[in-house]
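In the part that follows, the structures are each spelled out as structure tokens.
There are two complexes below, and they share subunit A, which is joined by subunit B in the first and by subunit C in the second.
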Partner chain A sequence: MPAALPPRRHRPVALTLSTALLAASAGPVLAQKTAADGIAEYRAMLADGNPAELFEAKGEDLWKKKRGPKNASLEACDLGKGPGVVKGAWVELPRYFSDTKRVQDLESRLLTCMETLQGFNAAEIVKQPFGKGEMPNLEALSAWISAESRELRFNLPQRHPEEKRLYELGKRAFFYRGGPMDFSCATCHGQPDKRIRLQDLPDLRSNPGDGVGFAAWPAYRVSAGELWSMQHRLNDCYRQQRFPYPGYASEATIALGVYMGVNAKGALSIAPAIKR
Partner chain B sequence: MNKTALSWLGAALAVGGLGLLAGCASPPTSAELDAQFRAMMAGSFRDEGIAKVDRLQQDANQAACSSEHAPDATTLKRLEEAALATLQPPRDGVYLGDWKEGEKLAQNGRGLTWTDKSTATSANGANCYNCHQITKAEISFGTIGPSLYHYGKLRGVADPAAPNARPIVEYTWGKLWNASAYNACTLMPRFGHKGLLDEQQIKHVMALLLDPKSPVNAD
Partner chain C sequence: MADPMKIRAQMSGDKANVRVLMSHEMETGQRKDSSGKVIPAWFIQEVSAALNGKVVMTAQWGPSVSKNPFLQFAIKGAKAGDKVAVSWKDTKGDTRTDEATVS
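So, the complex of A and B:
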């Protein structure tokens, strides 16, 4: 729980959390409902007090605040729907940008804007570990920008040849088995109705539904006490696959975003959601 | 610009190696995409702790099982025969260890990520519950693999040392050593073959599955 959480909200959140944990430890009760029911219930209980709101507020401030060597805000940043247009941008990313001549996800696009508008050095930022330097700011920005598309449906463009090409590369990345345990993304997310431990696994080859899988990130992660962006989520997936370290906003992570985002077409975004 | 001019421009750019970025060329072929994919992967990952980029290099099984489609029957058979040849029975001929140690390994999902410190097998869990139901007491289990509850009992193993239990004992050992021997594109890690667990650790997991006193079979 972040220290900045207002005291009035703190108590109810803590209570609902312990209620959820109690429910999770009650075997016979759990046996009568699926893990998905439990997770949906848990999410509903916390919906009023999702700490992601704090990160959204921080992200909105960061968007408007003059920062960096050029002392400029991000308000002229084009996220794909024209300079300064934030609403609806998240559910159409990653997409092709003609100025950079490449497909970018939200975070790689933010890096472009931070560099061109504010004068930050993007190459230096991507070297920073999560939680350090500009990384918490990028995660807060992703919280706010995704929240501005809440309840909108995913509709990534696939008109440009580069968008189609990245989809094909993302598909290859999704099924690519490697490492000491032979895992790929598809090992866990390549069939319907499976789970790891008690955690339901969305089938990311297809649209697994509203607010599930791609449509649930960024999210406030209770176990980490942090807001996790999509890049952060992908990074942890690769850690658990026992792969080497994927570069922040690297081409492979963007291609995976295209593959999953296109597959999620029509899904309602609930980001930033709340997760265990 | 008319259609002829456009296609000429596309061809010219493709020859110049710029076709992909120009958006005018014909879509890349599957082989071109494969080459681009390899370059993308090489440029997207770096070493971190014990997780080095050489982990991206695929062996024959990984390469054959990396698409949305399963390989053809001939390929599968070839891979399974090759995997079968890698199986190494326990050097002392003893297949079963201590099921209590096996249960600890089954609960342990740690090992080999870039936040783990050591690649020693002693630092690795067996990850069993991530994908399998095993004992009745543990309700937090995954479903990627089949249920292993009553594993030995269902297969008629009353005494794992008895000659009639031998085929099941050897099969189970083989499955833990290199699961690809029975299903080339299995989702199960190849614990012995890839050095994820040592012989003694595999013996403990064997006991969890096959010892009649283990909660897998006794409860």
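So, the complex of A and C:
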């Protein structure tokens, strides 16, 4: 990840001075690594043997397995590219679905499929805490489905009026400040040069690049030892802001997905990635 | 029954590079759950690797190995088509063996 620095303008005097300093210590300065380089190196080392692969295998299995009260598989599930088409679906979600008449992200769409095809009660699943009940299954499914679109570029549709409405809603949610710390998503992700400790924070108002920001989730989180879906990631964002979580697969979280996804247009998806 | 391992074995020069991803909780026995009770230790204790049935590596692991461990090693003198089998045994006596073909 290249560190995005704001352009600096030097006055002639300052320029001469810095050139002189640079000449004196050119060797060591050039050899120095930035913190972002170090983290990128760490991620590259971990990427080979990313435990997300274990979740991908589980997700593929779950997709094909007959489960639920109706004893059916998810193979007939339409993720936006026709029933059963998985490849390329992830980079076009969230999108509008005419059968449910609403914009859905991957996880809310999976809930619909689990309800209609397998007979699960989606309203009950939504209430389960992360890591319990059907939640690990949903996360494994999202690992596999996103992996099927690895190295593809984000291209969310914005044709339907509902898709446009959710983009605007997501934008409002992104900039909405509140809570005991008066934070918004934009507090951390609304400028190109922000970081937390040593980690660069992606600017989610625009496309921060390939495999960064929206294009890097779901991911295996080393510190948690778990695979986190986008909804789980958003849950943690709200926890860090000391906000109440808007709810699993709620319209607010889907709207944020539309806002970030549309902004990430053209970014290469590396999901499921690996995160510290 | 534990989840399967992911094993990749690729030739590079005269050595086979083996990369193994294991699915395991690896509880250290030092963590507490939400009610304050210690979560009992549960981790992989013994690991062994065999090339065409002949053991080429054994390892003893402890609680400090991470969750979902990743193991990488090289086997000298392996050839493409050889079978690499990796097995582990954990503190509960559960075992798992998976096999891969060197490519």
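Definition applied: the second predicted complex is superposed on the first by the 245 of 276 C-alpha atoms of A that agree within 3 Å, B and C clash if a C-alpha of one lies under 4 Å from a C-alpha of the other, contacts with A are read in each partner's own complex, and residues count from 1 in each chain.
The rule we apply is simple: contacts are C-beta pairs under 8 Å (C-beta built on N, C-alpha and C of every residue); 3 or more make two chains touch, one makes a residue touch a chain.
Note that the structure is predicted; figures quoted are calculated from it, not measured.
On the superposed subunit A, the two partners subunit B and subunit C both fit, without a clash. Within the superposed three-chain model, A:Ser73 lies out of touch with both subunit B and subunit C [touch as defined at top].
In the superposed model, A:Gly49 lies in contact with subunit C only, and not with subunit B. With both structures placed on the common chain, the touch criterion links A:Ala57 to subunit C but leaves subunit B unconnected.
In the superposition on chain A, A:Lys101 contacts subunit B only, with no contact to subunit C. In the superposed pair of complexes, A:Gln158 makes contact with neither subunit B nor subunit C. Looking at the shared chain after the overlay, A:Ser184 reaches subunit B, while subunit C stays out of its contact range. By the touch criterion defined above, A:Asn121 lies against neither subunit B nor subunit C after alignment on the C-alpha atoms of chain A. More residues of subunit A lie in touch with B than with the remaining chain of the pair subunit B and subunit C.
For the overlaid pair of complexes, the smallest distance between C-alpha atoms of subunit B and those of subunit C rounds to 11 Å.
Overlap of the subunit B and subunit C interfaces on subunit A comprises no residues. Note for the complex: subunit A touches subunit C at residues 48-49, 51, 53-54, 57-58, 222, 225. Per the touch definition, subunit B reaches subunit A in the complex via residues 20-21, 23, 25, 27-28, 33-34, 36-37, 40-41, 43-48, 51-53, 55-58, 61-62, 65-68, 112-115, 129-131, 139-144, 187, 189-190, 194-196.
By the touch rule above, subunit A contacts subunit B in their complex via residues 27, 30-31, 101, 160-162, 164-165, 168-169, 171-173, 175-184, 186-188, 191, 193-198, 201, 205, 239-240, 242-247, 250-253, 255. Subunit C meets subunit A in the complex at residues 3-4, 6, 19, 21, 23, 66-68, 70, 72.
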